[in-house]
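Look for subunit A in each of the two complexes below; its partner is subunit B in the first and subunit C in the second.
Let's turn to the complex of A and B:
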């Protein structure tokens, strides 16, 4: 099994959807963080991160996601996740991400609950 | 230069204290990612010390250099400053360093990094440290309102440096704690989840991917021992380099060389008593085309199952750390759990296949039973009976009695090679062909050729059938027969003696008809029957029955028994032969079915 990582973004009125594809580890999470920072510099501070195509996350990836949450907090923004695998959802809960970010089953539910 | 008023100084101090208080609250609240807070610290420095440019540079131990973490008004944020252990030791001795007039021991260091210092506009450095651990430096540029730092600012700078050092240490501690928390979770939760799966391929893939995430690595693979080939074979692979997959996906390593020693470092790990290999240098890491790797033996309940490999450990900010002893302990613990999961999945798979095979055998047995007649027809002037006794599975034995042309009757017996569903289906094909050919044939050789052609086209390589067919003409008491490689039926004469019905040709389904014509053409023979004569048709399951000493029952004993009971009814003859065979076999295990037909001229 080979893995690559891609980030696709879509901006809507007042929020941005970031779709990841692949293993969320150090280098790839940095890529995600850069994308988030770019969007924040454009004035977006509410994000939906769609992890439908991501099955693996490591501790560095999680650490960088926490960093994004803290950055958004500083700017009065919010982070929402959707389409988490059961393992990733349990991991996020255990690592405390769900205290500062909401989890939704799918993108539609996430965007209607912003 | 403008002088700084007391009032302005007071304002800046109040600003600094207020910002420091806010940062303290951030740290106490349990959130303190330095990546996020570093710019706030810089803002305090920038605002309080009135500098035009400033930066926080962090020490990267794996690369022995300083890199910019945050900067204000500085171009070239990707600059790096190489630093040696001696340089660090000297830097740590000072609370403030002026790059223009550093301690003499640092003269060579600062002389070498002039371009970087110019980019930083470095006027002062303040080391960041926790005890003797070097964390980095604060670099201050030129001052906005004066040409030097005022005394109170020189006192404030180390305080800020200490505060920032605490924040860095705290941030790293948080990262480390999170990583530990993550690893514990992965071990307890994920390994448990893997153990619940019984799909072999899925378990193997999960084991690799979770081992990689467990150790914060980028690649990995699972090699399992193939007990038949005695090779380590790649079962699951995860890598970011698709090109590398082609070679690695089919990686297969012999466990031992011709000299009976492990053939490679990986084979050594898989050998009994094999130990974990950690390779942080390119030599062994390049074993699989990776920077570094750790490979642990994966053990089952009794034996080593294979080797679990994790490669290319990663760190924050593009760092490339080594695999450690801690990683070894963790991966060995994970591999122990994963080994059980893989073994469970393998056992389940084997049981499933066993059940499928059993179901197939039962289905094949039903097909076979349906193809063999329950009773034989009544034929005027004759007695006939048949016996099929399964032993040790589903064989391809078949017998039949069917009306032939012009008031004659056909007696068929056959033995299809192999066992199970394939044999049962070939037997069904033979039976269908026989029933079709019986009414169409011109003579027995042409019927045999048609059946040969049918079986040759229907069967896979190595599948064939021995076949005997006798056409009984009750009005003349003659039998016309053909034998395609089957055990010779016996004609036990009432008047004494025994004939064998051997004329015929080659086994059905072995050769195509055109080849068959070059070997030998099928022939038939005609035999006259007299009152009391017994015709005995049987399969090799009768004569190849073995006793506990390994002796074969044989044709001779069969003839003796059949001759002894020839005056009895066909059922009694059949029973007597059966009893004798069963008595002969004793406790010996048998693998072939017992099948026979007995025809007697009254």
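Let's turn to the complex of A and C:
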């Protein structure tokens, strides 16, 4: 049984926006990581992950987001998040994501701060 | 003082990928009925998800299921999550402070810390007969 989850991407000059839709757990975060790796192979290493359509992220999903951050760090890239619910933002801060990734209220603010 | 009305819902969920969502969605519906704020509903859902996936991954449950009991009163929601697994030692959960683990961007082992952060009260009883995690969320926080 799989819960519904989708990833949509949009590439711009020098960065890519990844929009998730659905519960972010181990398997779905792996799908997101594969998308990020695919974009990196195309030369993108600055990402905005838009979580507007994701209400729940579990700790395993967050651990995979940390792996994406580590991968981008190795390649001189950067990860930005936007549209986090208060609970997702709090959990990200607890687990140390915000030391290496920036959080923005919306996509416009995120993309103007890249 | 008038007696509080107490209602109870019990759910047995099999240990299977994404079944934690069944427990979380049930909690969400109950919390909505109880007029919890949206952020508190998210907190309850995340706490129950973390509790369930801990049980799924680590309990070695003999009956391959987790029982979730939701107890509703006028002003609080109590969640009791029971597995019949092999239990776990509490010392494993307190090796490093949350801050030290965040600093090191430790990837795994955050479940209990997240549960404690999201809920008002958390009680854990674990033995080789299984684990019972009881959590409480007050409505007026």
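Following the convention adopted for this analysis, the second predicted complex is superposed on the first by the 111 of 114 C-alpha atoms of A that agree within 3 Å, B and C clash if a C-alpha of one lies under 4 Å from a C-alpha of the other, contacts with A are read in each partner's own complex, and residues count from 1 in each chain.
Just so we're on the same page, a residue touches a chain if its C-beta (ideal position, glycine included) is under 8 Å from a C-beta of that chain, and two chains touch if they have at least 3 such contacts.
Since we're looking at a predicted model, the values are computed, not measured.
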Fit or clash between subunit C and subunit B when superposed on subunit A: clash
Partner chain(s) touched by A:14 [first = subunit B, second = subunit C, both, neither]: neither
Which superposed partner A:85 touches (first subunit B, second subunit C, both, neither): second
Subunit B versus subunit C as contact partner of A:43, first or second or both or neither: neither
Subunit B versus subunit C as contact partner of A:59, first or second or both or neither: both
Touching partner for A:71 - first (subunit B), second (subunit C), both, neither: first
Which of subunit B and subunit C A:99 touches, first, second, both or neither: second
Colliding stretch - subunit B into subunit C, listed as 41-49, 257-265 or 275-283: 275-283
Shared subunit A contacts, counted only where both subunit B and subunit C touch the same residue: 1-3, 23, 25, 27, 55-56, 58-60, 62-63, 66-67, 70, 87, 90-91, 94-95
Touch list for subunit C against partner subunit A, complex: 16-21, 24, 39, 42-43, 45-46, 49-50, 53, 98, 101-108, 110-111, 113-114, 117-118
Subunit B residues within the subunit A interface of the complex: 31, 33, 35-36, 175, 178-179, 181-183, 185-186, 189-190, 193, 205, 209, 212-213, 216-218, 236-242, 245, 314-318
Residues of subunit A touching subunit B in the complex: 1-4, 23, 25-27, 30, 55-60, 62-63, 66-67, 70-71, 73-74, 87, 90-91, 94-95
Touching residues on subunit A, where the partner in the complex is subunit C: 1-3, 23, 25, 27, 55-56, 58-60, 62-63, 66-67, 69-70, 85-88, 90-91, 93-97, 99-100
